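Report on the structure given below.
A, B, C, D and E are the chain letters, set down in written order, and residue numbers restart from 1 in every chain.
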Amino acid sequence: MSKSKLTKHSVFSSAGSLNYIGKAITVDPTINLVTYNAETLDSVPCSKISELPAVFSEEMVTWIEVSGIHKPKMIEKLGIKYDFHPLMVEDLLNTTQKPKIEYFPKNNHLFIILKVPNYNETTNEIENEHICIVLGQNFVISFQEQDHVDVFSTIITRLNRVNSKTKARDSDYLFYSLIDIVVDNYFQVIDIIEEKVMTLEREILKEAKNIHQNKIFYLKRELAFIRKTLNPFRDIIQSILREDYNYVSQEVKVYFRDVLDHVFENIDATDTLREDIENLMVNYHSQLSNRMNAVMKTLTVFTAIFMPLTFIVGVYGMNFENMPELHNPHGYFVTLGVMFVLCITLWVYFKWKKYI
Amino acid sequence: MSKSKLTKHSVFSSAGSLNYIGKAITVDPTINLVTYNAETLDSVPCSKISELPAVFSEEMVTWIEVSGIHKPKMIEKLGIKYDFHPLMVEDLLNTTQKPKIEYFPKNNHLFIILKVPNYNETTNEIENEHICIVLGQNFVISFQEQDHVDVFSTIITRLNRVNSKTKARDSDYLFYSLIDIVVDNYFQVIDIIEEKVMTLEREILKEAKNIHQNKIFYLKRELAFIRKTLNPFRDIIQSILREDYNYVSQEVKVYFRDVLDHVFENIDATDTLREDIENLMVNYHSQLSNRMNAVMKTLTVFTAIFMPLTFIVGVYGMNFENMPELHNPHGYFVTLGVMFVLCITLWVYFKWKKYI
Amino acid sequence: MSKSKLTKHSVFSSAGSLNYIGKAITVDPTINLVTYNAETLDSVPCSKISELPAVFSEEMVTWIEVSGIHKPKMIEKLGIKYDFHPLMVEDLLNTTQKPKIEYFPKNNHLFIILKVPNYNETTNEIENEHICIVLGQNFVISFQEQDHVDVFSTIITRLNRVNSKTKARDSDYLFYSLIDIVVDNYFQVIDIIEEKVMTLEREILKEAKNIHQNKIFYLKRELAFIRKTLNPFRDIIQSILREDYNYVSQEVKVYFRDVLDHVFENIDATDTLREDIENLMVNYHSQLSNRMNAVMKTLTVFTAIFMPLTFIVGVYGMNFENMPELHNPHGYFVTLGVMFVLCITLWVYFKWKKYI
Amino acid sequence: MSKSKLTKHSVFSSAGSLNYIGKAITVDPTINLVTYNAETLDSVPCSKISELPAVFSEEMVTWIEVSGIHKPKMIEKLGIKYDFHPLMVEDLLNTTQKPKIEYFPKNNHLFIILKVPNYNETTNEIENEHICIVLGQNFVISFQEQDHVDVFSTIITRLNRVNSKTKARDSDYLFYSLIDIVVDNYFQVIDIIEEKVMTLEREILKEAKNIHQNKIFYLKRELAFIRKTLNPFRDIIQSILREDYNYVSQEVKVYFRDVLDHVFENIDATDTLREDIENLMVNYHSQLSNRMNAVMKTLTVFTAIFMPLTFIVGVYGMNFENMPELHNPHGYFVTLGVMFVLCITLWVYFKWKKYI
Amino acid sequence: MSKSKLTKHSVFSSAGSLNYIGKAITVDPTINLVTYNAETLDSVPCSKISELPAVFSEEMVTWIEVSGIHKPKMIEKLGIKYDFHPLMVEDLLNTTQKPKIEYFPKNNHLFIILKVPNYNETTNEIENEHICIVLGQNFVISFQEQDHVDVFSTIITRLNRVNSKTKARDSDYLFYSLIDIVVDNYFQVIDIIEEKVMTLEREILKEAKNIHQNKIFYLKRELAFIRKTLNPFRDIIQSILREDYNYVSQEVKVYFRDVLDHVFENIDATDTLREDIENLMVNYHSQLSNRMNAVMKTLTVFTAIFMPLTFIVGVYGMNFENMPELHNPHGYFVTLGVMFVLCITLWVYFKWKKYI
C-alpha cells in the first residue's frame, strides 16, 4: 500500500522508456504457451521469447500466459515480436499504473490493466498484484507478477475439464474468463474485511476501548484502498459493453454484463462496510462521552456529599473558648446524627437527579 | 441482512454454474399453473416440470407461479424447457443477486429481479425475499422463495374476482401487477420503521438516554438497507418506460409510470426518515453536552461554597498559643455569622451566573 | 406533516381504485363553472356534475373550479363525464401524491399536481393542500381541498376586473395563472420561516439556551419539508417549457419562464435559510463549549487557591507536642500573612493564565 | 442582505405588474444618451423619455445609460417606447430578481440582469446593486440603481480616450465592456473579504478567543452571499458563448471567454476562502479542546497533591488520647519531611504523565 | 500561495491591457531559438526579438524558448511579430491566470497555460510557476518565469541525444513533451507532501500533540492548493484528445492519453492524502478525548479516596467533651485500620470500574 517499497517511478524519463517499477524479484519469469480449440488442448512452458510462435493459428485460440514482469528486456522483446505500442509496454512494466482499458487501432490490440488484491498474512496488509491482458485476433496474452499466487490457475483447470465450456469458445470468452477471475478475487478480500468489521462491531457495541480507535483508522483506509481500485473496473467493463471493439462478440457481452454485476456487488459491499465503519465511529465517540459523563457524576457525588460533612466536623474542630455545643454531653452524637441525615438527603437528591 | 447465514457464493465457479445460494429450506417447491383470458380462468398445481405445457396458448395468458428456488435441479430443468439463458438461471438461484433488469434478445425474454422486504418478528430484522419475473410471449413466469409469506396471493384473488380488470388484459398487465405488488410491500415496511423513528423521537425529545444510542445505530442501518434495495427499482422501471421491450405495450406503460411514482414516494419517505434520524442524533448529543454542563455546574457550586468555609474553620482549628479571636467570647458566633454571609454571597453570585 | 392523521393509503388495492386519502371532511364540495372571453364573463355555482356542460364552447374559455375532493363518487362521475384516465382520478383523490406532471395522449389531457403550503396557526405547523389542474382544449379544470383557504379566489377577482389581461387570453394563460398563484404562496410561507430563523438568530447570537436546541430541530424539519415539495415544481415547469404540449402556446411559455424564476427564488431562499440554521447550530455548540470552559476555570481557580491554604491551616492544627511555631507569639499572624501572599500569588498566576 | 429593508414584493399581483421593489430613494433618476462611432462621440443628458430618439442610427452605436430605477412610471414609458416585454420591465424594477439572461425573440432583445457588490462602510455589509442591460440592433440600454456609486463611469472615460478600442467597435463590444466592468467589481470585494479572513487566520492561529466565533459566523455568511450571486454569472456568460444570439459577433465571443475566466477566478477565490474558514473553525475548536484539557490537568494536579497532604495533617489533628507519634519530639519534623517527599514524588509523577 | 506578494491585478483596465502581474524580477529575460529535424539541431540564444525569424521553416521544427515574462514591452513585441491575439498576450503576462486551453481560429494558434509547482526550501511553501505554450504551424513557443529552475532543460538534453525520438518527430510531439514535463513535476511535489503526511501519521498514531494541529492545518491547505491547480489539467488534456485541433496528429494523441493517465494518478494521490489527513484529524481528536477521560478519572480517584478519609480524621479532630472513642486506648489504631480498609475497598472498586 505504500509506494516506498517499490523501485521509484523515474518521472522525467521520456515516453515509452522501459523501466520496471515494482517489488524487487530474483526468480526468473515463466511463460506458458496454451493453444486449444473444442477438440484439442496443448500447453507447453517456454523459457525464451524466441520459442513463441511468430504468427497465431486461425483454427485455434492461443493464450500466452506470462508470470513475472520484472525483466524489462524480456517484456520488450515480446513487445517487439508482437508489435506492441511502446506506451503499452511501459504500462505493462509499471505496477503503480492504475486499472484502465486502451485500444490501439493500428494493430487492433485491446489492452486492459487490472489489480488483484491479496491479503498478505505476514504484514496484515492488502497488496495489489498488477495484471495486464492483451486481446488480439485469435490470441490472448496475459501478464501477472511473479509471486506465490497464480491467479489464472483456475482457468487452466477448467480448460482441462472434459466438456469444458471455455474450450469450445473463442478468444473473447477466454479474455472474459480472465477478467471474471480477477473480479472474483475481490469477493474474497471483501469477505475478510467484512469479518474484521463485524468483529470490531461486536466488540465496540459491547464496550468501546481506546484500542478500537486505531483499528477503525486502518479499516477505513483498507476500504478506501479497495474502493479506489474497484472504481476503474466499472468503466473498463462498461467500455467493453458500449464500444464495439474488434474480436469481442455480442454473445460474450452477456457474460461481461454478468461481470459488471459482480463489480457492482463488490462496490456495494465496500460502501456498506464504509457506512458501517462511520456509524461505529459515531457509536464509539458516543460511548466515550457517556463514560465521561459517568466519571463526572461520580466525582460530583463524592465531592458534594463529603464537602459539607468535612465542613461540619471542621466547625467543631475550632478552638474557640466559648462554644456551648462542645460542652453538651450529647453534642457529639447529635452532630453525628445530623451528618447522617444530611448524607442520606444528598444521596437521595443525587439518586433523583440520576447521578447515581 | 448478514451474508453469513447463507450457503456461500462459490465465487470461483465458471459462469452459469447452477448453485443455490440462500437459506437452507427442506419443504419442496410448489408450482402453480394459471391460464386465463377475459372469459375463463384455470389454476392447477403441478408437482413436476414435465406437467407444464411445452408451448403457450396464444389466446390466453399463461402464468407459471413458482414458490421455492432451493432445488437447483428443478429450476435447471425448467430453464432448459423454456430455453432460459444459463446466466439467467444462475441469477434465479442466487438470492444475494441485486435487483436488476436484463433482456435476452435471442429468445425475447425480459427478466427482472426484485426484493420484497419482510419484517421478521422473531429476529426483529428486515429480511429480503428474492423475487424473479420472466416476461415472454403470452406468458409470465414468477419465482419467489418458499417461506410463510406468499407475496402474489393478492393477484390470484383479483383474477378470481368478477369483472377483474387484470383478467381482461394481456400478459404485460400481469407483469406490471406483480411488480406493483412488490413495490406496495415497501410502504408497509417503511411504515413500521416510521413508527419506530417516531417513538424514538418522542423518547429522545423528552429525555435522551444511553440506550437510544444503539437504537439510532440500528435504525440508521435498517434505513440504509431499505434505501439500497429501493435504488435499483428506479432504474428497472425507468428502463421499462424508456426502452421498447417486446410485449410491453404503450397502454401498460402508463401503469408503470404509476409504479415509478410509488417507488419515488418510498425513496422519499426513506430519505426523510434518514434526515430525521440524523437530526435526532444531533439532538441526542446536544442533550448529553447540556447534561455534562449541568453536572459540572453542580460540582463547581459545591466546591466553591464549601472550600472557603472549610478553610475558615481550619484557621480557628490551629493550635497557636497567641490567637486573640479564640478568647473573645463572641468569636465563635461572629465566625458563624461571617461564614453564613459568605455562603449567601456565593450562592447569589452563582445564581446570577446561572450555575444554579 | 404526519401521515397518521390521514385515512390510510390502501396499498394493496389494484391500480385506478378510487379511494379518497386525506383529512376527514364533512361539508359538501362546491363546483364553480366559469366561462369567459375578452368580452363576457359568466360564473355559476353547480351543485351536481350533471349540471356541467357535456362539451366545451370553442369561442370561450371554460374553467371548472372544484373545491373539495373528499367525495370519490362525485370525482369519479366527473372523471367519466370528461373521459379522465382512471390513474388520473386515483391521483386526484390521493392527497399524499407528490407534485408531478402527466400527459395523457389519448384524450390530450395535461395534468399537474401541486401543493400549496399553509401555516396552520393552531398547530403551528405547515400543512400542504393538494391541488390538481387539468388543461384540455379550451378548458381548465382545477381541484383543491375543501378548507377555509380558497387559493384561486385572486384569479376570480382578476377576471372580474375591467381590462383584465387574463380574460383576453386563452385557456393556457389561465392554466399559467393558477400555477403562478400556487408558487406565490411559497413566498409567504418562506417569509414566515425567515422571520422565525432571524428571531432565533438574534436570540442565539445574544445567548444560547437549552430551549434553542429543539427550536433548531423543528425549523430544520420545516425547511426540509418545504424544500422537498418545491423540488418537483422545477421539473414540472421545465417540462412545460421543454416539451411541446398541445394547447400551451409559445407566447405563454415566456410567462412560465417567469414562474420558473419564482420557483428558483424560493428554492434559493430555502437553501439560504438551511445554511443559516446549520451555522446557528455550530454557533450554539461553540457557546456551550465556551461556557463549559468557563465553568471548569471557576472550579479550578477555587480549588487551586483554597487547597493549599486549607493544607497550611491543617498543619498548625496538628497536635504534636513539639511544634516550635505554635509557641511563637507572632506565629499566627505570620501564618496569616504567608497565606495572604500565597493567595495573591495564585490569583495573579490565574489572572495571567486567563482563568479569571 | 436582508429583505426586510425593501419595499415588499407584492407576490399576488398579476404578471407584468409594474411595481418598484427596492430601497426608497428620493433623488430623480438620470438618463445619459451616448452615440458614437470610430470617429465621433456625442454624450447628452436627457431629463425626459420623450427627448430620447425614437429610432436608432445604423451608422452609430447608441447607448442609453439610465441611473435610477425607482420611478416605475418612467421605466414603463421607456419600455413602451422601445417595445420592451412587460415581464422584462417587471424584472427591471425588481431589485430582488436574481441574475439571469433572457432572449425575447419577437423584438430581438437580449436582456441580462447582474448584481454589483459594494462594501457599505457604515453597516459593514456587502450590498448588491441591481444592474440590467438590454442589447438590441445598434443599441445598448443599461440600468443601474441611483446611488453614490456609478459602476459604468470607467466606460465613459474609455470612450473619451484617443484611439479608444471600444469606440471603434460595435454595440456588442459595448455590451461586453459593461458586463466585464461588473465582474471586475467582484475582485475588489473578494479582496476585502480575503483581507478579513487573513487577519482572522493570523489571530486565531496565534490564540483562539470567544470573539472569533461570531467573526467566523459572519464571514461564512458573506462568502455564501457572494458565491450565490456569482453562480448565475457562469450560466449567463456560457449561454452567450453557446447560443448564437443576434448582434453578438464571433469576434466579441473571444472577449466573453475572457470574462468567463474572470468569473471562474472569482468563484475559485471564494471557494478557497470558504475552505480556509472551515479549516479555521476546526482549528478554533481544537484550541478550545486543548485549553480545556490544560485546565483539567491543572485542577487534577492541585487536587492530587494537596488532598493526601491535607489528609496527613488531619490525622495528626485528631484528639485521641493514645497517639504515640504526638509525643515523639521529632514527630512534627518527620511528618513535614514525609509530606515533602510525597509532594515531590507526586510532582515527578505528574511531570512524567505530562500533566504539568 | 498568497496574492499579496504580487504586483496587483489592475482589475479595471480594458481587455488586452499589457501589464505584468507577478513577482518583481530584475534580471533580463532570455530567449533561446531551437530549430531541428531528424538530422540536424541548431540552438542559438537571442537577445532581441528582432533576431528571431519572421517566418518559420517548413522542413524543420522551430522552438522559441522564452525564460522571463516580466518585461511586458518585449512580450508585446513578440506578440505583434507572430500575430498573437491581445487577450493571449494579457494572459501570458498574468501569473495569477489559472491553467486553461484556448484556440484562436484566426491565426490557428493553440494556446495553453499551465502551472509548475516548486517547493521553496526557504519559505517551506509550494510556489507555482506560470508556464505558457503556443503551438502553431511547424513551431512551438514556450514561456516560463525567470527563476532558478529551468523546467524545460530536460527536453534540450533529450534533443541533443543520439537517436532522439523527439527530434525525429513533428512540432506536436514537442508540444506534448513540454506538457508531459510539467505534469511530471507534480509527482515530485506530491511525493514531498506524502513524506510529510506519513511522518505526521507516524507521530500522531504514536502520540497526538498540540503542535500537530497546525501541521494538519497547513498540510490540508497545501493539498487543496495542489488539487486546485491539477483540476484544469484534466480538462486541458481531454480537450486536446476530444477536439481536432490543427497540427495535433492522431498518433501523438496516444501520448496525450498517457499524460492524462499521469494527471489522474496525481489527482488520485492527492485525494488519497486528503482522506488520510481527514482520518488523522479524527484520530487526533479521539486521542484528545481519551486523554481528557484519563485526566478526569485520575481526578475522580484521588478525590473519591481522600475525601472520605479526610472526613473521618476531621471527625476525631472535633473538640466535643464527650467523645468516648477518644479515650479508648486502641481508638487511634482502630481508626487507622478502618481507613486502610476503606482505602483498599475504594481502590478495588475503581479498579473494577476501570478508572485506574
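What to note about this one:
Going forward, a residue touches a chain if its C-beta (ideal position, glycine included) is under 8 Å from a C-beta of that chain, and two chains touch if they have at least 3 such contacts.
This is a predicted model, so every value here is computed, not measured.
Chain centres here are Cα averages; for chain D and chain E they lie 27 Å apart.
One simple way to say how far apart two chains are is to compare their mean CA positions; for chain A and chain C this gives 43 Å.
Counting partners per residue, chain B has 292, 296, 299, 303, 307, 310, 314, 317-319, 323 as the residues that reach two or more other chains. Taken together, the touching pairs link the chains into one ring where each has two partners. With chain A taken as the origin and chain E fixing the direction of travel, the chains line up round the ring as A, E, D, C, B. Residue ranges of chain A in contact with chain E, taken from their complex: 2-3, 9, 11-12, 14-16, 85, 87, 90, 96-98, 100, 102, 104, 210, 213-214, 217, 220-221, 224, 228, 281, 284-285, 288, 291-292, 295-296, 298-299, 302-303, 306-307, 309-310, 313-314, 316-319, 323, 325-332, 335-336.
Within the complex formed with chain E, the residues of chain D that make contact are 154, 158, 165-166, 177, 180-181, 184, 187-188, 194, 198, 205, 254-255, 257-258, 261, 264-265, 268, 272, 275-276, 279, 282-283, 286-287, 289-290, 292-293, 296-297, 299-300, 303-304, 307-308, 310-311, 314-315, 317-323, 355.
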